[in-house]
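Shared chain: chain A. Partners: chain B in the first complex, chain C in the second.
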Partner chain A sequence: MADFNVTEKVDITDVVCPITFVKAKAVIEELETGDILEILLNDGEPVQNVPRSLKDEGHKILKLDDNGNGTYTLYVEKGEE
Partner chain B sequence: MFSNEQLERYSRHIILKEVGVKGQKKLLEGKVLIIGAGGLGAPVAMYLAAAGVGTIGIVDADEVDLSNLQRQVIHTTSDVGKAKVQSAKETMEAINPDVKVITYREFVDSTNILDLIKDYDFIIDGTDNFPTKFLINDACVMAKKPFSHAGIIRFRGQLMTYVPGQGPCYRCVFKNPPPKDAVPTCKQAGVIGAMGGVIGSLQAMEAVKYLIGKGDLLTGKLLTYDALKMEFHTVKLPQHVKDCPICGENPTITELIDYEQAECDMK
Partner chain C sequence: MAIDYAALKKGGFMRQKQKNHFSLRLQVVGGALTAENLKKIAEVAEKYGEGYVHLTSRQGVEIPFIKFDDIEQVRSELADGGCRPGVCGPRVRTVTACQGNAVCPSGNIDSYDIAKKLDERYFGQELPHKFKFGVTGCQNNCLKAEENDVGIKGAEIVSWVQDKCINCGVCVKVCRQGAISPNDGIITLDEDKCNYCGRCVKSCPTDAWLGESAYILSFGGTFGNTISKGDEFLPPVTNEEQLFRVTDAAIKFFGDYAKSGERFKFTIDRVGADKLLEVLKEAYYHNG
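== the complex of A and B ==
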């Protein structure tokens, strides 16, 4: 499944918007530019908003996989600080 | 790492690009001393506690008086008679249990101020009299501490920020305290309650920006607010006054001074 060299993983299915993005942001801030974060997130609002918010912060969305069980796996590459 | 609860509490900060997790950590590690738990100190203390500034010291010798409640929003009717620092601490801890509040129930003077400020990153002048304002300035210049000066009276307020080496100090601008009784105090002149909220909130903003290291501070500038005219002005100040008696090249003030208080200010 992991086509990328994932540096860190975070599960944001236990929180709701906007804490989903906040939790992902908290993890990605600790990484280095170029590192890859794997995020497990729920369908609906999270999958609509979290990738867009991460992109707005200058990170690169690499891939979004539908896990077929109401969750998605998102791969993000950390952008410049 | 933050707990989910902390991520939620500080989410509106963390979402901001300029704050983020790193900025929030700086706030939680930050130490701010608030001198005066009155009209200015109340909003400063409440906003800094809510923001998660990890250690907040608060200095005030007075008790809550019924006439304080019109503007000192950190105290409630049931706090009348209680030490202001205790009343403030209770409100701040109720707002945010992450915050450590240290109370100092004492008057600030030349004998204790250096000791009071020494462990703090940023100082808030929330006092209501000139002798203490000059004392805070001189002590902060001597100890190389940044501080926010503010004053409020009637429908007017002003503030400026001092950061060592980054612009003038309060004494560069206002050389000496005015003669005793030349300028009325809030007690004599009155002050509109929300003025403490406007100017105190701006002081809290300066402290937050200083702690997270973002944006421009009010150094080298004096901001004035006239509520009746509804006008804000930013006055540019001389960058460095060479002959300032405290921060100039050859300081003539080498010891802290306890100027005499106007009698009506003393209890």
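== the complex of A and C ==
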């Protein structure tokens, strides 16, 4: 497990691309710069696309853990507004 | 007066089955037409044709049912809308392209810009037979590069930047070639497996992959009566100057060695791929 002071968590394993990113984005937008969001996401398309899409929105990707069960946990630090 | 069909064909007027009627082919580069072009094309199709156009298999536009007597008038009206006639016959044809990295998130090169430059350099150039260029932005190959006499495909020559990497493993997952292996925090790239698609660069969430745009060229593709895909003879081309040196060499080879009515593929087969490779290499390494 990662050693981060997580501010908020979101599970996007119940939606498919591109809603995955939209759901994560909606949550991160409510946070303050520097806050850390923990995202649970599925293998496949989400893990290949969501981290980069968040980075392109100006957020910082800190870590991606493989949970070994077809899901991943992503830690993202919210960037400047 | 006898109709000079060859001259008309050269000027984009294709003889129809119907007597004294021509389908006028327009010059289109990479499938891009302005709104102004489209308005004028619509106007001409209504006034001189039968009110419709045909979109060709190579991103072109033809206005069918132009009458022989109207040809000059049609040419001049189209010119007012910025439209130029295309070509048919033994010369460099329409250069096709996808939208490339100016628009498409997958693109590795600015396909449309390259297509315009190829068009400026070669369009209509007289050769022993038709000669087609196609430019596609990436390995997705929407523009089917290898169908062309010379195909150009956008590539990314990639390298890993250790201090930016957080070992998230996304690049390992997106690589369809199995070219990327993680090992104790160190990522290795198997250059023999890498197909230059650039997916690692585009998916990396920390910019730990650097990509340098390049071009993969294929030679001798044809998809008509004979179907054959173009071959890659060279490593990726890394800049525009080198690209045009190589395309110049390929066209010159075709002009020098092809028999009349022989497609590039058959010239390569007859004269020898080794001979083509020799001139391509000379252009590629600029030894000449």
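One rule holds for everything that comes next: the second predicted complex is superposed on the first by the 80 of 81 C-alpha atoms of A that agree within 3 Å, B and C clash if a C-alpha of one lies under 4 Å from a C-alpha of the other, contacts with A are read in each partner's own complex, and residues count from 1 in each chain.
Throughout what follows, a residue touches a chain if its C-beta (ideal position, glycine included) is under 8 Å from a C-beta of that chain, and two chains touch if they have at least 3 such contacts.
Not measured: the values here are computed from a predicted model.
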Fit or clash - chain C, chain B, common chain A: fit
Chain B versus chain C as contact partner of A:V10, first or second or both or neither: neither
Partner chain(s) touched by A:L40 [first = chain B, second = chain C, both, neither]: neither
First (chain B), second (chain C), both or neither touched by A:E29: first
First (chain B), second (chain C), both or neither touched by A:P51: second
First, second, both or neither for A:K63, with chain B first and chain C second: second
Included angle at chain A between vectors to chain C and chain B, based on C-alpha centres and rounded to the nearest 10 degrees: 70
Which of chain B and chain C A:I19 touches, first, second, both or neither: first
Distance of closest approach, chain C and chain B, by C-alpha atoms in Å: 6
Shared chain A contacts, counted only where both chain B and chain C touch the same residue: none
Contact footprint of chain B on chain A as seen in their complex: 14-15, 18-19, 21-23, 25-26, 29-30, 57
Chain A partner contacts - residues on chain B that touch it in the complex: 1-2, 4, 7-8, 11, 14-15, 17, 20-22
Of chain A, residues touching chain C in the complex: 43, 47-49, 51-52, 54-55, 61-64, 66
For the chain C and chain A complex, residues of the former touching the latter: 166, 168-170, 173-174, 202-207
